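Note that chain A is present in both complexes that follow, paired respectively with chain B and with chain C.
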Partner chain A sequence: METRVRKVNQHVLRDWLMSYLFLLPAFGFFLIFVAYPMLKGIYISFFNYSLRKFEFTGLDNYISLFHNETFLKSLWNTSLLVIITVPVVIVFSIFVAMNIYKKKEFARSFFRGVFYLPAVSSVVSITVVWGWIYHPNYGILNYITGLFGADPISWLGNTKTALLSIIAVLITTSVGQPIILYVASLGNIPTSYIEAAQIDRASSWQIFRKIIWPMLMPTNLYIIVITTINTFQCFALIQLLTSGGPFYSTTTVMYGVYEQAFKLGNFGMASAMGIVLAVVIGIISTIQFKYLGSDVEY
Partner chain B sequence: MSSSIQANMKAGLPSPKVRKKREWSIGKIISNFLLILSTLFFIFPFYWIITGAFKKQTVATAIPPEWFPLHPTLQNLSDLFKNPVWRWTFNSFLISFVEMIAVCLVASLAGYVLAKKVFPGRKLIFGMFVAAMALPKQVILVPLFTMLADFGWVNTYHGLILPAIGWPFGVFLMKQFSQTIPSEVMEASRIDGCSEIRMFSTIILPLLTPALGALAIFTFIGSWNDYFSQLIMTRSTSMMTLPLGIATLQGEFTTNYGVMMAGAALASVPMIAIFLLFQKAFTQGITMGAVKG
Partner chain C sequence: MRTFKKGIMSLLGITLISTQLAACGSTAETPKSSEAGKETTPSNTAKPVEITWWNFPSFQALDGEVGKYEKQVIAAFNQKNPDIKVNLEMLTFEAGPEKLNVAIASNTAPDVIYDAPGRILDWGKKDLLAPLNDMITDEVKNDVSPALMKQSMVGDQVYMYPINTAPFMLGVNKTVFEKIGALNLLPLDRPDRTWSFDEYKKALQAVKEKAPDVIPSGFFAKSQAGDQGTRAYISNLGNASFFTDDYSKVAINTDKAGAALDWIVQGVKDKLVVGGSESLTGGDVNDLFLQGKLAISLNYSPVLRAQNVTLKKAEFEDILLPFPTIDGAKPRLEPYLGGMAVFNNGDDAKIAASKKLIDFIANDPEWGKKNLIQTGGLSARNSITGLYNDPEYTYAEKAREFYTNPPTVADGYAEIRTYWFPELQRALIGKATGKEALDSFAEKANEAITKAKAEAKK
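Up next is the complex of A and B:
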């Protein structure tokens, strides 16, 4: 009897050991390259840290951030980016998904593919071609608006249009994944629900509002959260199209992090900006989960 | 309701259902029109890249624009290849490929154990992975960079490859998928006296193939397109990746759009090809990663 217990224990122990061995590579890489840098980021945000200096300055980085007009401007731009991009991405993706989910397999794949193209392409290719399209003299956009009698605009060089021009490109690179997810969840709604409503003479809008929309809620939540996080991190489009200009009209927090760390060498300040960004994203994601996720089981 | 249909039929009016259908089709025409319009809007930049790559500079900057290159030239491509484009392409493929293999291996081991084994600390470790995923990835890039600089890893292949393996998305995806493997499969092989490692490689791994396929494509494309990491981790021209190299050419060829479009095409064509070839696995992977956990 006793030997049997010991044998079982040994077996369980061996099983545990095996599990830890299997986990070790993933967890090791995670600790070294994700968890440790996260903690180190918090730590160095309290230091005046550049190539030559490393001195503790407490909350100075944070205090000077909130007195820094460029940083406040970048917070404002980032908020605008999120407030405009996220709803447009959601509405556009639902619109496309509603129109293609009942189509034949080939047509569905075609449309899904077309709207995913910008997301799968290198952001460098996207910015290179949009830089040309937006060019005040050689760009096709001014040619087309000119056909309707509009004056040429320096789309990326004008403080009024630069951010919106970037948002337009950002939207094209953001809708691919939401469309795929919406098509999948629309396909999971039992057709009998919709047919029953049609027999009861519900209008298309009523069917959408009362049947389809509630059933899309879990997908909505996921898409809103990931699109918000991705939009907050928008960097490459800005670095390659405007470098934050003109007059800081397109600078974002993420671009500021890059500028502080890799152009000016202020790693402490850059880390503090990154942490402010992470806190903002954390708060917003929590609100989204609380508010939208109340009737969603996750 | 049925009486109203009967009344309509008696009066020779179309039944509500038929009327409904006609209303729907007007809406359908409008929405299909908008769909086609947006499709054109999404395809156009790619059309402009491909055709632009074959336009002479004088043609590329001409207004009104030439909608299709009437006198196609290969000059842009040969100008482009005066730069170390082959080296950049090699770098991009090498980094993405190694990262893909490593992530698939590491993530399937961990995902399987997290889904199918019971051991102390399992919930805590999985919780850490998920919590990290919810944080913005790029926030860790500055401290990560200072750490890699201390290691002397800046401008090296391992400096570009290894950190990306730590990102827990793959573990999460493989855990989600491993949960769908019936436990009986494992029990049966355990009775047969299979060792844990043999069981994993001969029984579990083949069952994970669909998820591994999706994860492989994700990782490859994600690594190829990870512009920010490449930007901060590379110093010399010979260590640049293809997208980064093309981006630096912008300074040299400011408005030489033909060359820039040739470069843009080159930087994206491999990814677009992979996406089109494996679209099914890709779509599955995206929906799999989003299912509730």
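Up next is the complex of A and C:
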């Protein structure tokens, strides 16, 4: 009896050890390329770290950040970007997915391809094209609005339109993955549920609200969290289209991190900005998990 | 068999853990960049030395291949210095500055670089470079204009070996003026080509009226790239220096300079200046010029003119003119200066080898002149003239007499630049008058100067 228990324990131990050994490579990469830079970033944020100096300054970087008008403006712009982009991406993606998931295979693939194309294309190439579209003198957008008698607008040079123009581009590059996931998710909802509701004379809205939406909750949670995080980290579009202008109206926290670190060489300040952004993203993601995750059943 | 397998797995596990720990460990022990300059290892210069040369596209690409010319230079250098191996890495103007910042902060800076004073002097002030005083003989010093020498030094230390130069000026599409019969409105009959603000306005008005498809003049404020153009433009149109002579504070915020900026803002509305300039870069405006859609570009130089020959999308003759001033007084032209600097990476042998490379590039009897011509610039030395058989170069050589104190040497210059274009944008979008925008810029820039001076004293 004793021998059998010992044999079982050895077996369990070996399986346990093997499992962790298989995890080790991925865990090692995680430690080196994610955990270590993160911890180092927190550490650096307490230092005046420039090209020449590395002096401990405590919370000075954080204090000066919250007295810095440009940083506060960038926090506001980033929040605005998230508040507008995330709901639009969700609504638009569900709308497209609802309209294409029942279509024939070819049509479904075609639309999935069309909407996913910006997600797999180079952000730089897309942004360059959008830069031409928005060009104040020779852009196609001004040409089209001109056909209706409108005066040319400096889309990226006007404080009222610059952020909205960026949001429009951001939406086109963000809807690809949600549409694919929603189409897959919708395909997994048993048709018997919907048919039963139709027999009971439920309206389309009732079917969506009471059956489809709850069944989409796991996908919703993932898409909302990921889109929120990606939008918070929006950088390339800003850098290439507006460089944060005009007069800081499109500057975001990530652009500020880039400017402080790579243009001015203030790595401590840049790290502090990154940590503030990470904390904000962490808080919002936790809230999202708390309120949206409670309905999720896997 | 089971024991053997267990042994293999354990060994594999231990190896993985140890390699990862070793990777972390070696990073942690890397000396801080601040200490790099203090430790030097004396070594025998006769030993083979390997140095790394990072280069922006300072030389025009040979046969359209970036870096091909530099490789030829290295091959020629190696014929005379076979013991020095030079590893070349080409940078782009867009990503290069960031790459350099990261390399310096992570203690992996190159040994030698060809760049401009804006960055080099900043590194010099941070003790990251090896002084080149031993290379600057009295003969060299007396042959380089004080404005250029000022751009090569921090205090009494020379950190950049000046090689090529050119004044930043206006680029003018002469063909447009010929076509509309308004060539007489350009100051080409004057040897120094100086002209007044009123004459300039008349020329722009003529383009607007007689060549409706061509935008009379350019302006841009999207980012800091090319800001020497907007700086010099407002400075000349407002007859004001950018900084005080001692660089202690900003001097551009005068009523006249404010009025010049107001004129630019109004010019956009009157279609004398390109529309949407707050969202255009210097590159965008130069592109319009190269496409023949813009009559006058404000960020031009003989170097850019030479580099643009293959980039023109329309056939026209481009000429150089100085910036106009209120009463046609002497303009203030910011000098472009290109030169080489050596990073102090703590190895005397590499520093010595880098200096040899600089000396070869700048002063070799055969390659020195060749290199200058390949940059498309003029020599930083006053005695070397007549490199090109082109009237525009002859004029550019004359225009060197208008060189002004270069803003690039100011303390905190890197930070100061970040406040310039947003204030121009503020004026362009009508949120402030020209004077208000310049005052706001001056306030922030003066703070940056004070901060940088205080940092330097620590």
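Quick note on the criterion: the second predicted complex is superposed on the first by the 271 of 298 C-alpha atoms of A that agree within 3 Å, B and C clash if a C-alpha of one lies under 4 Å from a C-alpha of the other, contacts with A are read in each partner's own complex, and residues count from 1 in each chain.
We take it that contacts are C-beta pairs under 8 Å (C-beta built on N, C-alpha and C of every residue); 3 or more make two chains touch, one makes a residue touch a chain.
This structure is a prediction, so every number in the text was calculated from the model and none was measured.
**Student:** Once the shared chain is lined up, is A:I90 touching chain B (first), chain C (second), both, or neither of them?
**Tutor:** neither
**Student:** For A:D15, decide between first (touching chain B), second (touching chain C), both and neither.
**Tutor:** Only chain B is touched by A:D15; chain C is not.
**Student:** With the two complexes superposed on chain A, say which partner A:F235 touches: chain B (first), chain C (second), both, or neither.
**Tutor:** A:F235 contacts chain B only, not chain C.
**Student:** Who contacts more of chain A, chain B or chain C?
**Tutor:** Greater contact footprint in residues on chain A: B.
**Student:** Examine A:I166 and indicate which partner it touches, taking first as chain B and second as chain C; both and neither are also allowed.
**Tutor:** After superposition on chain A, A:I166 lies in contact with neither partner.
**Student:** With both complexes overlaid on chain A, does A:F262 touch chain B (first), chain C (second), both or neither?
**Tutor:** So A:F262 meets both chain B and chain C here.
**Student:** For A:Y36, using the defined touch cut-off, is the partner it touches chain B, chain C, both, or neither? Pick first, second, both or neither.
**Tutor:** After superposition on chain A, A:Y36 lies in contact with both partners, chain B and chain C.
**Student:** A:L65 in the overlay: touching chain B, chain C, both, or neither? Say first, second, both or neither.
**Tutor:** In the superposition, A:L65 touches no partner, neither chain B nor chain C.
**Student:** Should A:N137 be classified as contacting the first partner (chain B), the second (chain C), both, or neither?
**Tutor:** both
**Student:** Quick check for you: in the superposed arrangement, does A:P25 touch first (chain B), second (chain C), both or neither?
**Tutor:** both
**Student:** Would you mind listing the overlap between the chain B footprint and the chain C footprint on chain A?
**Tutor:** Common interface on chain A, chain B vs chain C: 18, 25, 31-32, 36, 49, 135, 137, 261-262, 267.
**Student:** If we count contacts the way the header does, which residues on chain A are in touch with chain B in the complex?
**Tutor:** Going by the criterion above, the answer is residues 15-16, 18-20, 22-23, 25-27, 29-38, 40-41, 44, 49, 92, 95-96, 98-100, 109, 111-118, 120-133, 135, 137-138, 140, 143, 172, 177, 180-181, 184, 198-201, 204, 218-219, 222, 229, 232-233, 235-236, 239-240, 254, 257-258, 261-262, 267, 270-271, 274-275, 277-278, 281-282, 285, 297-298.
**Student:** Within the complex, which stretch of chain A touches chain C?
**Tutor:** Residues 14, 17-18, 21, 24-25, 28, 31-32, 36, 49-54, 134-137, 152, 154-159, 162, 242-248, 259, 261-265, 267.
**Student:** Can you list the residues on chain C that touch chain A in the complex?
**Tutor:** 6, 9, 12-13, 16-17, 20, 23-24, 32-34, 97-98, 101-102, 104-105, 123, 126-128, 215, 221-223, 274-280, 288, 414-415, 418, 421-423, 425-426, 428-429, 431
**Student:** Which chain B residues qualify as touching chain A in the complex?
**Tutor:** Touching chain A from chain B are residues 1, 16-17, 20, 24, 27, 31-32, 34-35, 38-39, 41-43, 45-46, 48-49, 52, 60-61, 63-65, 105-107, 109-110, 112-114, 117, 119-120, 122, 125, 128-129, 132, 134-147, 162-168, 171, 196, 200, 221, 224-225, 227-228, 231-232, 242-244, 246-247, 250, 255, 257, 260-261, 263-265, 267-268, 271-272, 275-276, 279, 283, 286-287, 290, 292-293.
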